[in-house]
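You will see chain A twice below: alongside chain B first, and alongside chain C after that.
After this line comes the complex of A and B, so read on.
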């Protein structure tokens, strides 16, 4: 299926832009030790709050300057991508798995199963997500694995709700009834007939969710609930830069830009995928 | 003076710098109070003409020559502002797709009100009255409730009638109706046609009636224009075209649709398909040549001009005198079926819960009421009735998608009513269904080979090569090229998809097939091919079939016996010929009366059915 769809969605400009941006961020994360000019944690107290290299008083050894402890901003940014992407990847896959499984079970079987899952989702959604994740973090304690857990526990409902209605639409198609009448088991019907049809939506949601996860991780590390001070994180960089916002605006702008560009990449990719893969859109084209 | 006149109108699609002609050399004259029928199969360009009148051509298409005059002014070159004022007021449309023409987020009432305000023929305060009067005119029941509903809450037929009511409300001078009755039941179709006729009598409205049904066109139209591959094939007075077609295409179309006349005849099978836009561009000579039974070498040298045949009739054929010689094949006789009973229903009923009530038994609606019938070996039994008559529910009961509330279902001597796991396996082995809509019945993400051998997959057997082998054999049997096995459904035409649909059901060699409206919505030439395929398959491998259809002529052609359903009950049953020749139930008579007769000169006595209170269940 993907082979046949490949050329069409790769032709989309949005998808290409998104992929390029993300490729860049992923490269930074993977090759951080080779790309970063300095050790991100090495403090250099005689060279604090240096401006970027091109400004007056800049030092070419620190291309984007240093922070209040004299750490290299660029190196921190590059290493920060590791944390952001790790959280984005694991958390959104986790949320996707829980959400997608429940959505397929609810949408396919319907009846009381659907009712029950629907009510759980409703209750979940009645809490504002930020509050819910903060409560969870307080309960779970700090640490990056708890950040991931919090995101999974909060955001599985996004997948569940959206996918469920798609599953219902697909389940009503005659080919699903035909498969059942030909003797397909429930498992085979769902995996062979329904899941492939909901897959494009799943991928789209996954891409958007990764963007959300990056933001949530940044917020939590901003309030100091994520990783310890020894691991570079964009949210923490923002938090640190607040004190010296007038002397060194670059310290604030750089991590914010990094967050923005990464989230933008995920969203553009998700949007592009939605446009090219959305079965409803392509159906109207056909009709 | 003609109200609408086309002069050598041509429309083309421009893509990649080259132009593909979609409509060429179109000329006609339509006087006030007359009905012009545009007839042809899908792809002939008939809807394109309607869109040209509205100037709603799909992107890439444009008028490349000729004129299209409305009341003396060219619609093509007219200022858009002026044209917009004409559309909706003086020119009204009944579109083919009722749902896409209504705004899904506004209620019917809001849209009706807006429409009436725009055409300005009602005082704003009295719009409601007017709307209800229009609903009553198109026989929409419960008009007042309808006003508060959203389009998706109505059936396709009801949406269609809302649009017809809107079109009628503006009392247009020209009405363009694009397959207005295709989605409707025959008795309602007869009424809508009557409404259109009344309107043109009282208001002198001119009507462009786009349809694939040559018989219907012959009955209601004054003139008929038969289109083939974007070019007029024949144009003239409706009765002449129908009684003595001059162009082979008109004749073939007529012979491809099963008749309702006294004598049953075979169907003419038109081979291949109409050339598409790409093919037309490179074609020299007659566009119909590849499918024409009368083709001679000379046909391929140059495009035959529209030449006068007789009276006011023109046809684009170099030897129209030979057309009358095209004969249908002899009819396959109905099988004398005496074999053993394979399927039996006794007293089968189905109740659906419409509303659950606290402390009381839930409110129910009886969709099927005490149905009794038998299906014998090698027998084709037709179930006819309108939407809401319970015929589809009966089919779902038989295949086990629903369980009966009462009664017994016996398949090959075994009671399968309860639908337990062991019965399900048994039923699956001997009974299969062919679904109505191939678009929805074929998984678009699977290759044809995978789809037709799903039964093997379910049984857990078969390696990839074995399945491909079996798929090839099946495709060969249903008349598709073996290469089709590796295609996806979206790469097939409607008729091919329906064949794949049939092949899948036949893979497990069932004894009984249930077919739910499997030829509706297909072109007559494709329909003829499928009907003959089913008859051939029965001869070759032997199976019985329950054939559900609203099209009486198809049932008459295909089925040995027929059951007529009305409001959940089987009101009449018997051998097809007997039932159709001498219907005993009033509803059967009404149903038969709403089919336009074969003979264009015979009076279409629709009023027989008009008084029967047919309430559509929403």
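After this line comes the complex of A and C, so read on.
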């Protein structure tokens, strides 16, 4: 990223909105112990399903009320941001690394390497992503590391497919041929000449992928295939609240909003980056 | 024209076979590394070690892995997915009972997604350059940020709990008989003339299908908008304008026809994703389709069902992509003359 490009993408309203939302979520995650009014796992069986503090019967000690075990909803939301962001950051970087390396290899060398990688991507794409991640979780077992691993193993194709065509376009440019003629090695050509040109696309995809990872983690914890019950997770909150949908609808709305706001932050940021950094990339896939 | 289409179709189907083989191998391997013993699971808990060993031999679990895979594959090729460990019934029958419901849900959801997507895309394009476009555009990102299962829960809250407007569990209310001819509830109730049942089933389908459809519509909107923007650069649009055609006629009669093609191929990809999305919607709405079968099987580590359902999802996704490709070919004359 050159300095001259900085103001241009920071001037975009979408990038700013996205960054502000994410700054808020990251702050919640980092300072959870200081921000949360209660211990998120502390059960209080005489104060279950309390409404938010401003509603009738609300308790100011639990600003957003309590769940069916009397746990503080606000504290769970704040701590839940930790899991969501951990998974989003690590899993999307992992998926990016695998996807980007394979995309550059396939697009740059072409030929049978490209064919092989293309066929592997085809096989992956014939699995609906939800199904593949569930099956992987069955095989790997639950736990944060395995959630991350499953997302990496499912989502690297998102990077690979889109980046590969970009790499092919860049590889055909004259300056790449010039670099080869100057005697640059393949490694140096790819890392110094091609990768910088595909970098804007990479950053955009990374931002979108983080949103996808938040959703996948929520889905997995919703069906009980993510982390243990002692780690607050938004998907788990949704699953719990679903049992008491008539008595405590606010219990359901809070985690839904948390997931929505976080994913919206990543998507708006990604969209803003796409518009400012790479006008050619078309939105060809969900999320 | 039909010869070229048939040739391309045949090639697509031929390519799908090795993909399916590899997918099945992958499924088999992932599930065989699990630290569970299907033999012990299919016997009562008081079975002796010798009995379990005998069962292992009987089930072929002592054979080398490639051989186990070959046996499983040859049974699958004959339509036999084995017997469920938990439910003790034929897995093929279980899939036969649940697949039609899932297809019904997916098709209706895709229709809703396409209608919303095309209408939204036209609207976004129509408002191009105005302030409302920016609002709508950010709105479509917001739509995109709410995944299908959250839409599902949100709609339950809104229409099921607060307004008590629509039912949100199962496929039929109590007291309705389920006709069983093809397995497709909507089709069956129409064939047998049970319109009350049909209407009840439609009411049950509205919320899940809408939740799924609305969450898959924003990408369609956005691609249609951008391909309309591309198409409007072409000379024939200026020419149509010079001929004095109204803007509406240019948009609907000329531009949309060309812009819909890239949208169509995206919709094919979307349909595949949407088909996977039915899983969560089915859980949320207690809808008796493959998704619920799969999640129950996962909770009970019922390997034969997991393998079979996983493979069925892949087959359906491949079939959808082949169908969309051939539709694309029929609609786009440029591709035929190769």
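Rule of thumb we're sticking to: the second predicted complex is superposed on the first by the 276 of 287 C-alpha atoms of A that agree within 3 Å, B and C clash if a C-alpha of one lies under 4 Å from a C-alpha of the other, contacts with A are read in each partner's own complex, and residues count from 1 in each chain.
One rule holds for everything that comes next: a residue touches a chain if its C-beta (ideal position, glycine included) is under 8 Å from a C-beta of that chain, and two chains touch if they have at least 3 such contacts.
The model shown is predicted, which means the values in this text are computed figures rather than measured ones.
A.B. asks: By the touch definition at the top of the document, which applies to A:179: first (chain B), second (chain C), both, or neither?
C.D. replies: In the superposition, A:179 contacts chain B only.
A.B. asks: Touch check for A:129: first (chain B), second (chain C), both, or neither?
C.D. replies: A:129 contacts chain C only, not chain B.
A.B. asks: Go through the superposed model and pick first if A:196 touches only chain B, second if only chain C, both, or neither.
C.D. replies: first
A.B. asks: In the superposed arrangement, which partner chain does A:218 touch: chain B (first), chain C (second), both, or neither?
C.D. replies: It touches chain C, and chain B stays clear.
A.B. asks: May I ask you to decide whether A:146 touches chain B, chain C, both, or neither, giving the answer as first, second, both or neither?
C.D. replies: neither
A.B. asks: Identify the partner contact of A:244: answer first if only chain B is touched, second if only chain C is, both if each is, neither if none is.
C.D. replies: It touches nothing on chain B or chain C.
A.B. asks: Looking at chain A, which partner touches more of its residues: chain C or chain B?
C.D. replies: If we count touched residues of chain A for both partners, the winner is C.
A.B. asks: Tell me which partner A:188 touches in the superposition: chain B (first), chain C (second), both or neither.
C.D. replies: In the superposition, A:188 touches chain B alone.
A.B. asks: Show me the chain A residues, by the header's touch rule, that chain B contacts in one structure and chain C contacts in the other.
C.D. replies: Touching chain B in the first complex and chain C in the second, residues 286-287 of chain A appear in both lists.
A.B. asks: Which of the residues in chain B end up touching chain A in this complex?
C.D. replies: 97, 100, 399-401, 425, 428, 432-433, 435-437, 440-445, 454-455, 457-459, 488, 490, 504, 508
A.B. asks: So in the complex, which bits of chain C are touching chain A?
C.D. replies: Those in contact with chain A are residues 19-20, 22-23, 26-27, 30-31, 33-34, 138, 141-142, 144-147, 149-150, 153-154, 156-157, 161-162, 216, 218-219, 222-223, 226, 266, 269-270, 272-273, 275-277, 279-280, 283-284, 294-295, 298-299, 301, 306, 309-310, 313-314, 317-318, 321.
A.B. asks: Considering only the defined contacts, which chain A positions touch chain C in the complex?
C.D. replies: Counting only chain A, the residues touching chain C are 14, 119, 122-123, 125-131, 134-136, 138-139, 211, 215, 218-219, 222-225, 238, 242, 245-246, 249, 252-253, 256, 259-260, 263-264, 267-268, 271, 282-287.
A.B. asks: In their complex, what parts of chain A are in touch with chain B?
C.D. replies: Residues 1, 4, 173-175, 177-179, 181-185, 188, 192-193, 196-197, 286-287.
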